Every structure is written in structure tokens, then in C-alpha cells.
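Pasting the structures in now, so scroll down.
Both complexes shown next keep chain A, but they swap its partner, so chain B is in the first and chain C is in the second.
On to the complex of A and B.
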């Protein structure tokens, strides 16, 4: 990497990542409202339209939003690649993604098949631009950092996930007839074990040593675990006849290795200050650990929903939520500092990271997230009387996250206004 | 290793971003003539070098010898004495 060419000026305008990151809790709030509206019968079957809508509000509305925002931010800084017209492109991708998610969720809730056709068109365009843009610049980047390869593999998995998803949406809209069951399993494994897991892993290789002051992940881990998971996920699609018990067993073992390695690093971190992101990482890794055990345990089909909650909310949303508490304060500091320097000053009143989002606000939101996760898991496992408490807890947690992000943005606006005076 | 009076040691290896950058820039801006900063870090400080270029400082990065992964020597551009002392220090490093 050419470090002398790397400059803070390479980071995109702050509105680029923030538009995605601010939207994420809004879609999770929508999901929580839908949970409350639907009632405990939500967990009766994995094919419930409301459950499908909620799942996609969380995977696309929350997770993809955070991940898109993080990639728009990380790519120029880590990879040394400048993205062209970042504001215009991120606005188009963000706008189409938001509209597509709403159309799709509305299609399921309102039983309106025509909306699936519109959703597939809008979402397809958004994802095509995003994957094309990120793929092109990742391939062109000269970086040899493992995060680049992890992002490329995650993008390929996303391409597979989205292609299958769009075909199924068109099927729901009456345009195609599809062999649905095998495609759904593939859509799930490529989306969750491919796109989500590989991207979180790739980003964690960067941000855990950087922000949690840990040792680096071992070289063997970075070299083999990601590519092995990608190969397994690919095999699940290409050679479905050999899936049997072997591939899930291998996948569970790899997931377990990643969770245990990360937990070992976190436990031996050099800086012992309390940190809310650290708590989210622990929760994400414990969820992954439990999930890897459940994956190879003889469980009834009804456990499927519990396992999905454990992956999406326990692992992926915890990791993304925790990272938001580092990424957003860091971006705000970075941009305030850059504005200060643009005015010819190198030292001035820029708040530190912990002043942007106070630790106690992050901690309270973490407790709400943890509580709602436990209640949701119990509720899906048969304790249905906990359902409304779980949904309400999840709603409060996401409202709190949204409030924390909004306050951070207000602080940025206030100080950038003062510094430009 | 003997620390010279003109060498300012700054260990940022246990600080989270952006503190290593902030503290390094603060120390750099207060370097007297003939003095240099030796910044110790656990990883390559990728955002630092662009800032040092803009501020008019030279730097050399090398593998750490103070029980940290990375050492960065920083001095004011055109400060020949500071540069000479950095070169001596690096040359003296076993």
C-alpha cells in the first residue's frame, strides 16, 4: 500500500456512510413494530409471510445497510481505492435499497404479488450497482490485505444470494416457476454463511486488533478459515447431492474456530478499559459458539427459527451494532478534524471518541439488545408468553440505537458549524 | 537502549484510534530544532504519513526494537541535525 498517497482526503463525505448507518435502526424499528402487530403466531412456521418480511427487514434493512455503509467507508481508506461520485452513487444505491425493502415487506404483509415484481426490479438495480462498483474497485486495488479477499468472497456470495432471491421474488410475482426449496436453502446459506459471516470476519480482522487493542489474528487463521467457509458454501450450491451431514459439520467446525479465536484475542486484549463494542463482540461470538454446537445437534425443525434468531440478531446484528459505536464516533472525529485542518488549524476543539456517543448510552442500549435477544430466543423456543416483552425490548433497543446515532450526528453538525465560523 | 535528550519517545501501542494519531501530531508539532520523535506502535499507522507530509515532516518507519511492532522516527523537513541523529540512532540499533 502506498502510505504517502493515503490521506484523510480519500475518505468519502461523511453523509455517504452515515445515510446507510442511520437507516439501519429505522428498518429494525419497522421489524419490531411488525413483530408487535403480528403477535406470537409469528414463530409458528418459518413460512409465515410476516416472518419473511421481518427477516428481510433485518437482513437487508439493518445488516446490508450497515455493511454497505462500512464498505463505502472502508474501501477508499483501507484499499487505497478512490470511489468515483460517492455521494451520487451512494444516494442511488441507498434510495433504491430502501424502496425495494419496503416494497418487498409490503408485498408479504399485504399479500400483493405485484409488489414483488417492483421490488425485484428496484432491489436488483441497487445490488447490481453496488456489487459492480465494489467488485470493480476491489479487483483493481493493489492491497494484499486479507480483508480485500474476504470482501471479494463476500461480494460473490452476495451475488449468488441476490440472484436466487430475485428469481424467487419474480416467482412470487408470477413471472417464473422455481424449484423453491433447494433455492431457499441456497439463498440462506450463501446469504448468511457467505455474505454476512465472511464480511463480518473480514472486517473483524481489521477492527478487532485496531480498536480492541488485541494481537493480530493468526496468519493460518486469516489464510484458511475464510476461504474454507467460502468453498463449503459454494459446494452447498454446486454439489447439493454431497451435502449430507459432512458439510454442515465442517462448517460448524470452522465457525467454532473463528468464534474461539476471536474470544481468545478479546480475552487477552491489552487495554482493560470498559468498552461497549467489546461487549457486543463477546455477545456476537458467544451466539456463534452456541450456534455452531446447535448446527450439529439433533434438533426438531421448530428449532430452525431459534437458530436463525441466534445468527441474525445474536451474531450479525450484535457485531454490526457494536461496530457502529466505533465507526460513527471515529468518522465524526475524522471529518471534524479534517474540516479544522482545511481552515489551517491542526489543533482545536474536536471531541474524542467517547464524547461522541457516551459510554453509558451505548451500555444501556447493549443491555436492551441482550435482554431482547434472550427473550426472543426463549419465545421462539416455546415460551410464547414472553413474546410481547421480547418484541417490545427489541423495539426499545433499536429506538435507543437510532437516538444515539442521531445525537452523534447533531454533535457533528453543531461542532462543524462552530469550527467553520 | 539509552535514550538521548534529543530523542522524544512516545509509546501509543496501547491506545485506540484516533489517539495514536492525535498524540503523535501533538508531540510532533512541539519538537524543538535538532530533536526527533520516536513513535512506538503495534501496527502501521496508515493515516499518519499523509498528515506528516502535509505538515512538512520527514519520517522513517522500521520494525520495532522497543518491544513494539513498529517504530516511526519523525523530524522537521530541512532539520539536518535531527535527521543526522535519527540516522545515527537507527544505525546504532542492533
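On to the complex of A and C.
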């Protein structure tokens, strides 16, 4: 084995993760504006173009952005894998992803099918580079940590999700004509239960014990839960005839086990200080817990939108939002500190993490996020008169998040500007 | 006992003192916080020294390499020491905001550092050093 190939630092330039993370709230802000523009009929049917546009602004614009940024950062640091040309590659992936999301959303809102063809070309290129790059380096990684295998499974699920998505986009653009109803369900389950859930789980296996100082997830849990979810999701695609009742029941049970295990760890954490990321983790797990119960409850099809809100905004966006409050202040501190050390100067003028983003700003944004989640859930469940306050709350929450991130970046630029003089 | 087992265990024991120290400072019990801070500082410094003076040189000698992963680890040790100097000051001044801002930063730095050691570097040292690693550890007990 060649040990010199291993680098334990190789943290990429700070612009690499930050370009993704700063874009995330911008796309969510667009989604919120679109909610306000569309009005309460948004929640009448899951097939409305505006709802499809909003969903993808959140899943690709917010979630994929944060996840891509986090993977660009985490892979070199935790997996000991060097990524080549990180600035160039992340610029291409980020640029194409951003353009593709806008084209796709515009295609739905402006009823311009031709845009779907362009969107599928642009998004396809972005995802192909990302999946190829991450897959290659995950396979070469020396790490034996479960997170590596979870990321590989998540990436495979992403590949399936994107392939189906692109085929359907081309269908909308008039290139192919295929019956797509089964594909939509697959696209959804691979995207949400495959890519999003497995990736968040894999990351949580690392970061919850690390940063909240909890016990490790039990060995049996790490070994079986992720692979079982992956197998179920795969089965959904290969053997559609058995989808009936059994698979959703099993999936709900696995999701429930993950949520309960995480809550048990969080409850018994050894670090007792209040912490905004911890609150986001709790909200994510409570959302998942409620969702797993709803999954096996006899509900009308209209509950479908409420459940999707619970998963995307309640679970996934909460987990990602909470992580941003750890990753961004730490990266800013780390890069400022390294810069000072490289100049041979002792630290002192480097702000600590809580000076980069003050705890109370994170906490207030958490409250707005929580409030808007509750309002969105209620308004989708029939309390239509809450719709505008829900959309407005969501807009304010994402504006606040953007403001917190942009202030942190400004602080970084100000201090690194001073030090280079 | 392997390097991985011994040193990972030492990380955990440092974590426990560290979180107790944070809690004591948060609740305003500065006497206890000061006491815990000294014992944390002592234990972590001992841990870092053992790596820098014994484990890393042994590993580098076997590997015939310097400037690889161990130099990154040494660099991060210096970053930790910088933060510990700031924390010591905050403890002396009983400045809770400053202390918690610095400990939060140290926590993340320390934890990602530990994860790299526990998941990659220590297992690699165990493979490369074999029983020589266990001999080093036995002198500490």
C-alpha cells in the first residue's frame, strides 16, 4: 500500500464548499417566492407544474447544493481521498447544476417544453461529472468507515434517480414518449429514500457521535439498516409487482428504527450544552418519526403532499441546515487560521466559531424554520387560510439563513484581506 | 493493546473531561471549570506529546517518510495548542462567551482530527509497527 498517497488534510480551497452552500438558500428563496406567487391552489394536486418546480428548487437547489458542497469538503478530509482540480471541477458542476435547475423550473412555470431538453443536457452533464468523480474517489478511499459505504449506496441511488429524471425530462421536451407513472414513483423513492436518506444517515453516523459527543451507533444498526433500505429501494424498482403493502411497511419500520436510535443517542449525549445544530437534528428526527407512522397509516392520497413536506423540509432540510451552522463557521476559522500560520503569525485576530455566526442568529433562524414547517404542514393538510403565512415564514427563514451565511463570508473576506496586506 | 484501541480510548477520556468543563463554565461554576480545564489540558498535552515524540517518529522511521499524514497531524496539534492558549485566557478571565466560542472551535477541530486518526492513521500504524507499537504503549501504563 502506498502511504504517501494518503493525505489527511487536503482541505480544498474554501470557495469550493462555500459556492454550493451559499447557493442553497438562494434556490429556497426562489421556491418561497414561487409559493407566494402561485397561491393556495399549489397544494391541490401533486402534478401541478408550479409544485414540481418548487419541489426541484428544494431538492436540487437546496439539498443537492448542500450535499455536493459537503461531499467536496468531507471526502478529502475524512476519507483521505485527494480530489484533483477541485476549484475547476466544483465550478463546472456548480455552474451547470445552477443553470439546469433554473431551466427546468422555468420550463414548468413558463410552459416552455423546449427548456426541458436543455435542462436535461445541462443537469445530466453536471451529475455525470459529480457521480463519476465522487464514485471514483470513494472506491479508492482507504477508509473502512461505514459512511464510505453509505455514500456509495447513496451515489448509486442518485444515479438511478437522475437517469429516470432525465428520461422523463426528455419526455416532457418531446424527445421520447414513454409511460412514466411507474417511473415517477421510482424516481421519488430512489431520490428520497435512496440518495437523500442514505446520505444523511451516512453523514449522521460520523457527525452525531463526533460533534455531539454521543455513543457510537450500534454495530448492528450501522451494518444492517442502510443496506436494508438500499435493498428495499432497489426492489421497488426491479419487482414493481410486490410493491403492494409489504415494502412500504418494511421501509417505514427501518426509518423508524433509524429515527429512534438517533434520538436515543442525542438524548444521552455527553455534551450537554445547548447547540443550534442539535435542535435541527431533533427536528429532523421527529419529522422522520412522524413520517414513518404516517407511511403505514390509512390516509387519503391528498396526504401525500403533507408527507413530502415532512420529508423534504422537516427531515432533510433541517439536517442540512443544522450542519451548515457547524461546517461554515469551522471552515472559515480553519482557513483564516491556516493563513495566519502560513504567514508565520500567531493567532488572536481569528474569530472563533461563535463570532463567525452568533449562536442567537442560528437559533432565531431555527425558530423561523420550525414555525414555517408547522404552518406548511397544516396548510397542506387543509388549513388553507394558513398558506400565505406559511410561505412567508419559509421565505423569511431562508432569507435569514442566506444573511447568516453571507455575513460569515464577508467576515472571512474582511479578515483575509487585512492579513494579506 | 493496539495503538488504535489505546489512543481512541484516550480521545474519549479527554472528550469527557472537555464536555464537563464546558458545562461547568456554562453554569458559572468557575472553580470546577478551572479544575477540569487543568486536567483536560494536562491529558491532551500528554496525548499529543506521546504521538509527536514516540508514535509518529516510530511510524516515520518504519515508513521512511516525513511530510505525509503525520506532518498534517503535527500541524493540527499546533492549531489545537493555539486554541488551548485562548481557552486558558478565557478561563482565567472567567469569560463564558469567549470560552464557549473557543471550545466549540476546539471541539470541531479536535473531533475531525481524532476521526482521521482513529479511522485511518492508527490502524495504519498498527499494521506498520506491529508489536513495536504495543511495546511503546506498555511503557505508558
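Just so it is clear, the second predicted complex is superposed on the first by the 407 of 421 C-alpha atoms of A that agree within 3 Å, B and C clash if a C-alpha of one lies under 4 Å from a C-alpha of the other, contacts with A are read in each partner's own complex, and residues count from 1 in each chain.
Please note the rule applied: contacts are C-beta pairs under 8 Å (C-beta built on N, C-alpha and C of every residue); 3 or more make two chains touch, one makes a residue touch a chain.
Values in this document were obtained by computation on a predicted structure and should not be read as measured data.
After overlaying the two complexes on the shared chain, residue contacts for A:144 are found with chain C alone; chain B is out of touch.
With both structures placed on the common chain, the touch criterion links A:418 to neither chain B nor chain C. Which of chain B and chain C touches more residues of chain A: that partner is C.
Residue contacts after overlaying the shared chain place A:211 against chain B and chain C alike. In the superposed model, A:176 makes contact with neither chain B nor chain C.
When both complexes are overlaid on chain A, the residue A:355 reaches chain C alone and has no touch with chain B. After overlaying the two complexes on the shared chain, residue contacts for A:343 are found with neither chain B nor chain C. Contact with both chain B and chain C is seen for A:333 once the two complexes are overlaid on the shared chain.
Within chain A, the residues touching chain B in one complex and chain C in the other are 3-4, 6-9, 77, 210-211, 213, 270-271, 330, 333-334, 337, 341, 346-347, 352-353. Those residues of chain B that touch chain A in the shared complex are 13-19, 25-26, 29, 42-44, 46-47, 49-51, 53-55. Of all residues in chain A, only 1, 3-9, 77, 209-213, 216, 270-271, 330, 333-334, 337, 341, 346-347, 352-353 touch chain B in the complex they form.
Contacts from chain C toward chain A in the complex involve residues 15-16, 19, 22-23, 26, 63, 65, 68-69, 72-73, 75-76, 78-79, 82, 86, 97-98, 100-102, 104-105, 107-109, 111-112, 114-116, 119-121, 123-124, 128. Only residues 3-4, 6-9, 77-78, 80, 142-145, 206, 210-211, 213, 270-273, 326, 329-330, 333-334, 337-338, 341, 346-348, 352-355 of chain A touch chain C when the two sit together in their complex.
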